[in-house]
Each structure stands twice: as C-alpha cells, then as structure tokens.
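Chain nomenclature is as follows: A, B and C, assigned in order of appearance, with residue numbering initiated at 1 for each chain independently.
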C-alpha cells in the first residue's frame, strides 16, 4: 500500500463517523483526487481482510466484515438493533422522500396518526427536526445516521420513489376490484338482493 | 487470510479495549491455540497496512500506525463548530434569552422534548448546568464559550427580539409570552399560572 | 364464524388503515362482497383498544375510510340496473378520492419495504465506537472565534412567539333553520290533512331539508304523524 493509503486507513480507523474526502485531503495535506485514488487502493488491499471500506453519509468509513457479526455480538454483548416495524418504516419512507415534512402530512399520507412511530425514529436518531412549517408544526428530516445505517451516500441516492407507484394495469385492477368486481357477479351472488333503502 | 484471522481483525477493530485471547476464542467458538495462530497470521497480513497488531497487558488490540499521528491530530482536532440544527438553535435561543431555564420549561415552549438538542449543546460547551429550580429540575445557562462563538461580550448584548416579534404589541415578560405561545401551539388553553422562576 | 377469522387477519402486521384496505382489496381470492366489513371495523377498534390507549384520531380516520368502502360495497350489492341508476345519484367522488389516496399510499408502502430491506442489508456491518476524547469535541475557549450569528437566536425566539391563527368559526354560524321552526311548519301542514315531504320543504336549502326530516322523525316519535314511501326515492306522503 502507498503511504497515503496507509495513513487514510489509520485515519478512518480513528474516526467514529464517515469522513468526507476533502477533510481527509486537508488532514493529509494532499488533494482530493489523490485521496480518492488512495481510497480505491485501500479498498482493494482490504480484499480478504476482516474490514470493508464503505462510502456513505457523505464520507468514507471502515466497517467490520458482515461475517464477523455473530462473533462480534458475542464478544461485545451488543444486542442486535431491532428491525423496523411496518409503521416505523412507512413513516421513515415518507420523511426520507418528502423531507422536510410535518407530522400532519405524514398522518395524511399514511391514513393514521404516526406520533409513536415518529418518536421512536427520533429516539433511534434516524430522523431529526428540521425547523417549523409556516403553521408552526415541527418539520422532520433524516439524519446522517440514517444514511450510514441504510448504506446510502446521500439522500439523493434513494431510488426513485415512482417505481413503487402501481402500474396503470395495477391501478385499473385496483379500481375494478374496488368498484366493479362485485357488479359483474351481481345477481349470481346470494348477497345480491335489493337492499332496502 | 484465514476466515478466523479475518474475524479476529474485525473483532479487534470493534473493541476499544485490548481483548484477551481466551475471550477471542470464546467469541469465535474456537480454542486459544487456534486464536494465537490466527493472530500471528493477522499480524503478518497487516504488514504494509495503516494498522498494527499489538499485544498489551490486557490482551490484543489494533492500533493506528504511528506515521498517522500528525494527520490524525489535524483531522480530529479541527474546530468543532458544525452548523446548529433547527432544534439546537431553538433550544439555545430559549436558554440564552431566559437563563436560567429548566428542561421542562424548554419542552413546554418548544412543544417537544428537547433532551437530545440540550445534550449536544452541553457536550459542545455552549450551555452548562446552573443549579436546580425549586422543583428540582436542572437549570441551564449559557457559557463563556457561547459568548465567544457568537461574538458577544455579554448576554445583555443579545439582539433585541423586537424585529422578529410577530406581535410586538403584546404585553408581558418574554418568558410568560413564550410559555403562552407554546401552550397555544400545543392546542391547550394558555396557562394562567405564573412560570416557575 | 366471522370473516375476520376466515381471513386470518393479524391486525398487528398492518401499518395502518390504508395498508389493511389495500390488503383486503388486493387479496386475490377475496371479493369485496364477501368481506364482512363490520367485523373488520370491530376487530380494528378492538386492536386499537388492546394497544392500551384508544387513539380517537386513528379510529375516526379508519371509520371514515371504512364508511367509504361500505358505500362502495353497498353499490356492488345492488342488481345491475339499479347500479346505473345509482351512478347518477351517488357521485363516484368518494370512491375516486379513496382510490387516489390508496394509490398515493401504495408508493410509500413500496418505499417502506425497500427501506426495511436496506436496513437489514446494513445491519451486519458494525462500526467502531471509540469515542473522540471530550476535549476534542469542543473548541478551546482561547481559540474560539465568532462563527455563529446572534440574529439566528433572536429569530428563533421570534418564531417561538408565533401563535397559530385563531380558528375561523364564522362558517359555523348557528343554523338559520331550527327544529322548532320546522315542527311548527309541519304541524301547520298536518292540520290540513295529508301532504308530501317535497311540499314541506319546497324552495328550502339542504339545511332546511335536513332539519325538516329531523322534525318529522320527532313527530313520528311522539306519535303525531306517520308517513309512507311506496318505492325507493319515491314521494314521501305524511299523514296524521
């Protein structure tokens, strides 16, 4: 490994948070392109090692290899972070894609008040406050920790949300099932008696 | 590197303290001789890397290469004055203008618990504890570092709120008005009781 | 047994009413006609109660949505020709609104599933948690320079002084039509003998129609009047 790659490995080992390339360049008194080259070298050199180099949350960080997860939890007695509940992941999805967004907006989209899920996400450090709406409601946005835990470099790296929109066919099917599915069977189904007004 | 050496590297990376060989053996569900063999392998594999394997009094540890000391000092000792988040600004503003002020009062004014923002402000040395209220709640005030980072000679030099006051015609002390506005935003009737000193 | 048991609905797995509705509507083997919506409503309310505190807002929202679904279902249960007739009478707006909200919700349900997966993918990576020494977390007083603007603090206080605009209740004026007034009108007409409901509300607005119907129910309860309607949406004849 080049001297720069070695020093970068040491710096990332010492930093508890992802470090942007320009801060690494300033600390090593080099230029960002040199840093990026040396990081590529470091990433290759870590092949076969127990550490991995990851670019996320606007910077670079070292993490332990996933194979070490079980032994590490035994050694450090660190419990596995609980999975996200459906309500939490929905609330987080709305915040991630619409940030900054207020609780009433989240509730309107989800069709249900989301205060408990939002509080849990705040406690877990995945979302944070982002000022207030013109009506005084607190707005929420995602945090760097969110990016780190979800393996994202930036919020812009989130996949296009439009891909989960129902296709025109699915939308049609949904409409049909809501409005017309029963009508086609009307008369055949035993329930289909004229209803008393 | 053997799978065991890779996992040991990950375990030592994650531990902030030296780990005895028998604990490493227990975590990896192997025997101490296997661990010692794999540690020798790891030490050799780290040749030319930015990390070194060291056997210390309490066990085994990874450390950064001594060559990285100067860059590390530059990276970690850089001025720690990240921009204040909206939650931190609001919390700091309440402390600055009302000091001394208790955490419950801050929460009533802001409409949300502000523990995380207050902890960060404490951690960064912008606010400090200032005794306890008659009800036992911890009080906060700003620090000399706060004045310096905001370019103020004294707390009395804080700008007049008038320019930003949405209803300058209202009478009453700033503390009472803030508490009343917080209650109004929370949807509760403004509390008539005087604020705790 | 109730269809909820047949459906084996585990309400804990649903993230909210939209989630539940989408699941019900999209369930392949399920026809809306066969879902006992009353059971779903009861199960949902039970579920909310089991949570310890009854979230009135969530329950209300859920009941509104269920009402929309119920309306749709009742339309489906009518024979074909009456559906067409109903189409003119019952605008599909409520259904369209429900559909639009379900579609908007579906996008975030998909995004949520993606995020849950990304979270699972990220979980095996562990991070070193060696804290930076406290003295490195804050600036030394001697070296501190003015980097923050005091105006941000004054601005924050200004924002906290803002009160929400008082609710505009002017549109909630007292109804200009009272039950007492309509009772008087109905009793006046009754003295003449029979009359039709249309006659009683001729020229009146929706509020008048509503209050008159309420007054009529009041008369029925007291035994002062009865009425008949030979067919749905036909004329209502009121008689003493």
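One rule holds for everything that comes next: contacts are C-beta pairs under 8 Å (C-beta built on N, C-alpha and C of every residue); 3 or more make two chains touch, one makes a residue touch a chain.
Predicted model only: the values in this text are computed from it and were never measured.
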| item | value |
| --- | --- |
| Chain closest to the middle [Cα centroid of all protein chains] | A |
| Chain at maximum distance from chain B, centres defined as averaged CA atoms | C |
| Rounded Å distance between chain B and chain C, as computed from the means of their C-alpha atoms | 42 |
| Distance between the centres, which are taken as Cα means, of chain C and chain A, whole angstrom | 30 |
| CA centroid of chain A to CA centroid of chain B, Å | 22 |
| Of all residues in chain C, the ones touching two or more other chains | 126-132, 159, 162-164 |
| Multi-partner residues of chain A (each touching 2 or more other chains) | 13-14, 62, 64, 68, 72, 132, 136 |
| Interface residues, chain C side, partner chain B - complex | 126-132, 134, 136-139, 141, 143-164 |
| List of chain A residues in touch with chain B within their complex | 1, 3, 5-11, 13-15, 19, 23-24, 26-29, 45, 48-51, 62, 64-65, 67-68, 71-72, 74-76, 122, 125, 128-132, 136, 138-139 |
| List of chain A residues in touch with chain C within their complex | 13-14, 16, 52, 54, 61-64, 66, 68-69, 72, 78, 80-81, 83-87, 89-90, 92-94, 96-97, 107, 109-113, 132, 135-136, 148-152, 159, 161-166, 171, 174-175, 177-183, 185-187, 189, 191-195, 197 |
| In the complex with chain A, residue positions of chain C that touch it | 13-19, 25-26, 31-33, 55, 57-58, 61-62, 65, 72-80, 82-83, 92, 95, 98-99, 101-116, 118-132, 159, 162-164, 229, 232-233 |
| Residue ranges of chain B touching chain C (in the complex, touch as defined) | 10, 13-14, 16, 76-77, 79-81, 84, 89-90, 92-94, 96-97, 109-110, 123-125, 144-145, 148-152, 157-161, 163-167, 174, 177-178, 180-182, 184-185 |
